[in-house]
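See the structures that follow.
Two complexes, one shared chain (subunit A), two partners (subunit B, subunit C).
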Partner chain A sequence: MNIDSLKLKKISALWIIVILVLFIASIVLGILMRLNQGKVIEQSPLTFYTNMTTHGLTMIGIWFAAGMVAVNYLLQRYVKTSYGVNLFAFILTVIGVVMLWVTTYAGKFSTGWTFLYPLPFRDLGSESWSTPLFLISLTILGVGWLVWSVSLMAQIFKKYTLAQAFAWQHFKSNPTVETPPFILITTVTLVGVIASLIAAVIVIVLYFAEYFSHGDFVNDALLMKNLIYFFGHTIANEMLYLGLAVIYEIFGEVSDRPKWKMTWYISLAWNCAMVFILTAFFHHLYMDFVQPQALQIVGQLASYLASIPSAAVTVFSIVAAVYGVKVRWSIVNLLFFLGVAGWVIGGLGAVIDATISNNIMLHNTLWVPAHFHTYNAMGNVLFSIGFFYWFSTQYVDKLVLSKLTKYTLTLLIVGGIGFLMAFYVAGANSIPRRYSTYPVELTSGPYLAKVGALFATIYLIAILIFFYNIAKRCFVILSASSR
Partner chain B sequence: MQQHSIMLFFMLLVGIGTIFFVSIFMSSLKADNDSTGVKNLLKKRFWFTLILIVVLGIFAAATLPKSPYFTYANETPSTVIHVGTMQFSFFLSTKPIDPKSPSGETIEIPHDQLVEFRVTSFDVNHGFAVYDPSMRLITQVQAMPGYVNNLRYKFTEPGEYHIFCLEFCGTGHPVMQTTFKVI
Partner chain C sequence: MFRYFVCFFALTCFSFLGYANDNHSDFREEQNLYGKIYNAPLGIVGNNKVSSVEELYNQKPLIIALVFTRCYGICNPFLLQLSENIKHLQSNSDFNILVISFDPRDNLQDMTNLSKQYGLENNLQWNFAITDSIDAFINSIGFIPKWDSVIKQFDHDALLVGVNEKGLITKNLLGIRIVEDVHKMISSINNVFTPSYRLPTKSNIFSCFNYDPKTQTNRPGLGLLFVALPAIITFLIVTIIVIKSKRTVS
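Moving on to the complex of A and B:
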């Protein structure tokens, strides 16, 4: 085996093991939160909110990294990527995550993943050093991911011109060069990732400026909120797109179906998606009535428009690849197919919430975690686990659908639907999100939290089985030699 | 009951989506080596996209005018309530509130008359969410330091209304609440 190829496999295997371990730990934190809300266990509010902050930040970080790992691995088919940068990003991610957990658990930093200005400066109960350490940990993660993203982008532009990377030549008939869909989606996604990370850098600089000015410099709360949601919303959506790039690349080959070719409408759809996704974040600020009204309307229109290229091109293509044709089903493409269904259903919940006249009754209720957990826990996570399976089984054993796999998938679906339904029903019952315990007046809150915890535990069992199967194969890859 | 209508609508969409994906999956299990799948793909894709654009366009046209920024915008409120927020209290007053020594008063709002809440924060971001006597969220706005958000509403039912904070503001977030009466 080629030494470069083996090094990439090993670092990818290491990433996968670390991501899954952190995923399991973060699910446990989520279950503890629901158990506390259900009054099954009793945690102090400070413990609950440190768990909530750790859960949110870790989940965003690991699933973004998972998408990047998969894209980096598959990009090697088209361009040469840097092993050194991949390793650099891994080391900085591990250091950043460890610092983050020290910040939350030793420093009691508990502002939630949104760390809305100026809460980190008025975070009651936390250690005074936790805010600068939190900002430093974000800086370390940001530097690692920004260098990684820019490096992958640079490698793409070494082989493809700007127009080719964005597949613009496909708007004309008979283009001389074909851009693989994987290259287009990766380019479009990296643009969004880099834009969101630059916004994060600005937020961190503004926080540090105020921290070190000792009162001479004060930030603007509305500007900070816009920047934080531009970063948070964009990166959370781009990580889904990283997963979709993987599906475009390997769904055909694992299903024994032809690989998707670039067409003018795939090119148009992904170029449009790049624009819409960068402006949809305004829907997070609907309830800030001082935000200019034009931006609120742009938020709703961009949220609606973002669904069109996704549904008309990606979902339609996957449906067309499966409908009425013989497909070689395995755990990999089943997870991809199931993930697309979860992504669509979560997207429906998101479009409902992105409608301003609905948002006034749903904003910051449990409807919000309901829809984003749908397209993450039952969408993006499945895209990545599908990739992990495909990656780990390539040279170890064959992809077969065993009985255990079918039972595990059943547990995943039952657990996932149950814990999401508890969120949706609570959202429709006006139960607020981010409450460590519920006021007595909100009677259905604790009951639904217990239901959510129970089904999330079933989901966790399925993930543990997946973890065992994937990790044991990754350890084989880690111990392989080049000879 | 608007939230429950939204939930029913969503469940209907979920049901259609589930049947759709299951039937697509089942069709592949039944297929043999000679099956060719979808014919005239580009034509079908065109119609699917067009229908999607029309449906979303109708939804946008129907819902955008109902956005809270436009409701009661041309009416003059008969009552103005100043709302100050800070970790972890609400202050409601008919007079402007001094951020250095905030204090509130018992509020009674006449029903069927337009009220304007002028909502701000003296420290971090908070939420100002109004729950009716049946504990249903009926309207809300954010409370942001340095800004005043004006929320207008016409209460039709007399009774005790709760206010909860709906933006995470620290460890006391879930206990931040108050009430007012509609008479």
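Moving on to the complex of A and C:
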């Protein structure tokens, strides 16, 4: 094993352990919130919103990082990636997350993960220093991830031309060079990631400008909301695409099936997805009457067009790969398969909500956390845990589907579905989101919150078992020497 | 040397943060919104029975003005402007007005004199009142007058508070305001949704749209460019990377 390869394995193992620890802590925060809504425990509103902010931002951050870790690791098969930049991103992520948790727990910063304008400037019971520290922590995270993304993209373009990286040669018949689907999806996704991180940079600069201007400069609420969702919506979707890139690369490999080849329709679908995903965020502004109607329509169309090509092609490819043929099922491809199902179901929930006529009913109800938890907790998380499992067993163990693994997977599915159903039913009953406690009129709210907390605890047990299995192998990798 | 520089830099940053922290935008009008107003017992001019704030807002939504009769400052122009604004409203029957004194020295006779000063003593829409629970009442609003013992005056805001029929504060207006603002307050206390969008000012240069009141049209503003900026910068980054990569390969 050469030194470079070992260093990459070690940093990837370190990332995985940190991500899983933060994931478990964030699930606990989520369960506490549902228990509070269910009136099983009593938290002050400030504690609830502090937990909500920490939960949301940590989850977005760690699963974006998880996708980047996986893509960085697999990209090494095609191009040389920089260990230094990977380590730099890791250090900045750790510093950023620590600062973020200090901001929320010591500084009581509690705006929610979207930190919508002008909430960071409002006196919500937080310490006065928490707003600048929060913005600094986001800056640190943003710088680390932006440098990492640009570095990976630069490495891709060192080997592939622009047309090859985007697989445009596949629009013609018999292309001379084949672009691996993994390279196409990674390139497309990195474009979106860079755009969303730049949107975050602009938002942070504008927040700082107002903060330091002593009232001489005031932001425009509509501009800030547009930019925040450009960042938030786009990065939440792009991290799913990072997971899909991993599936395209290793699903065939772990299933004893041939690797997917690039075709014209895969190329077309992902090129379309790149364009549409950058404009789909407008659907977050349907309730903002000042936004021109044309942009609202763009938001609805882009929401449909962004999800259909990539989802249809990916689902078709996955079903074609497993239908009517002998597949070597393991925990890895099962997690991938289930993850794609979760992604599609959550995506459908999202498209329902992104339809303007439905959004009037579903806006800011628990339908919203229902759909994004579906494609995250039962989609993206499964993609990443599948990769973590594959990564950890690749060097230490063999991929086997033991009885314990089957039970764990059952717990994950039962816990996940139950927890999500509590959200969906509540959303369909117009239970509002982001309420720390429900007024007496919303009788089903506390009951469904308790159900959600119960099933989330089952989900947590499954994650703890996965964590034990993955982390112990990662520690072996961390202690390995180059000899 | 480097250490000194780092220490100096850190100190400068932190002092700047501390200074900036105390100077960001003022959102006092939005404090205590949707809080319940304290149900203070009221002695109302021209009404022999003791009434209460709840009895008043149960009849109709309320606009509350906080004044004191010995005021040398803002109270009189504030009440004058309010009475003028109310006269200029096209429809002014779907709310009542409560002018309440926050000075414990004021009695009903003082408030009667005040109402006569504006010719409102027989106007049933206007209620000039005192209460013995003024502290609890102003606390529920977030109104904090400061007593200056030298000039024997209160240092206070000119505050109008809008309360709907459930006793919830739906809007606050600070300062002497024009009739359009009062109209918005009346809509608010009658639970009518009022779309609002901050008009561009000198301090708000990156507005997405600039509303022209003369033509009543929205024109795209500089802020819209910012929405497109992430995509433009990304395009430039990709272009630079591709060009640099080509040079490296060649």
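Please note the rule applied: the second predicted complex is superposed on the first by the 482 of 483 C-alpha atoms of A that agree within 3 Å, B and C clash if a C-alpha of one lies under 4 Å from a C-alpha of the other, contacts with A are read in each partner's own complex, and residues count from 1 in each chain.
Note that a residue touches a chain if its C-beta (ideal position, glycine included) is under 8 Å from a C-beta of that chain, and two chains touch if they have at least 3 such contacts.
Fair warning: this is a prediction, and the values are worked out from it, not measured in the lab.
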{"item": "Partners on subunit A (subunit B, subunit C) - clash or fit", "value": "clash"}
{"item": "Touched partner set for A:442, first subunit B, second subunit C, both or neither", "value": "first"}
{"item": "Partner chain(s) touched by A:298 [first = subunit B, second = subunit C, both, neither]", "value": "neither"}
{"item": "Contacts of A:290 with subunit B and subunit C, given as first, second, both or neither", "value": "both"}
{"item": "Touched partner set for A:102, first subunit B, second subunit C, both or neither", "value": "neither"}
{"item": "Partner chain in contact with A:320 - subunit B first, subunit C second, else both or neither", "value": "first"}
{"item": "Partner, of subunit C and subunit B, that touches more residues belonging to subunit A", "value": "B"}
{"item": "First, second, both or neither for A:414, with subunit B first and subunit C second", "value": "neither"}
{"item": "Touching partner for A:222 - first (subunit B), second (subunit C), both, neither", "value": "both"}
{"item": "Touching partner for A:122 - first (subunit B), second (subunit C), both, neither", "value": "both"}
{"item": "Subunit B versus subunit C as contact partner of A:357, first or second or both or neither", "value": "first"}
{"item": "When the two complexes are fitted on chain A, the stretch of subunit C hitting subunit B, from 4-12, 40-48, 130-138 or 184-192", "value": "184-192"}
{"item": "Interface residues of subunit A shared between complexes with subunit B and subunit C", "value": "118, 122-123, 220-222, 289-290"}
{"item": "For the subunit A and subunit B complex, residues of the former touching the latter", "value": "45-46, 49, 110-112, 114, 116-119, 122-125, 220-222, 225, 265, 287-290, 293, 296-297, 300-301, 304-305, 307-308, 311-313, 316, 319-327, 329, 337, 340-341, 344-345, 348-349, 352, 355-358, 360-365, 424-425, 427-430, 432, 434-439, 441-443"}
{"item": "List of subunit B residues in touch with subunit A within their complex", "value": "2-4, 6-7, 9-10, 13-14, 17-18, 21, 24-25, 27-29, 31-33, 35-38, 41-42, 45, 48-49, 52-53, 56, 59-60, 63-64, 66-69, 87, 123-125, 127, 129, 131, 135-142, 144-151, 162, 164, 166-175, 177"}
{"item": "Touching residues on subunit A, where the partner in the complex is subunit C", "value": "118, 121-123, 128-129, 131-132, 150, 153-154, 157-158, 161-162, 191, 194-196, 198-199, 202, 206, 210-223, 226-227, 230-231, 278, 289-290, 292"}
{"item": "In the complex with subunit A, residue positions of subunit C that touch it", "value": "16-17, 20-27, 30-31, 195, 197-198, 201, 203-209, 218, 221, 223-224, 226-227, 229-231, 233-234, 237-238, 241-242, 244-246, 248-249"}
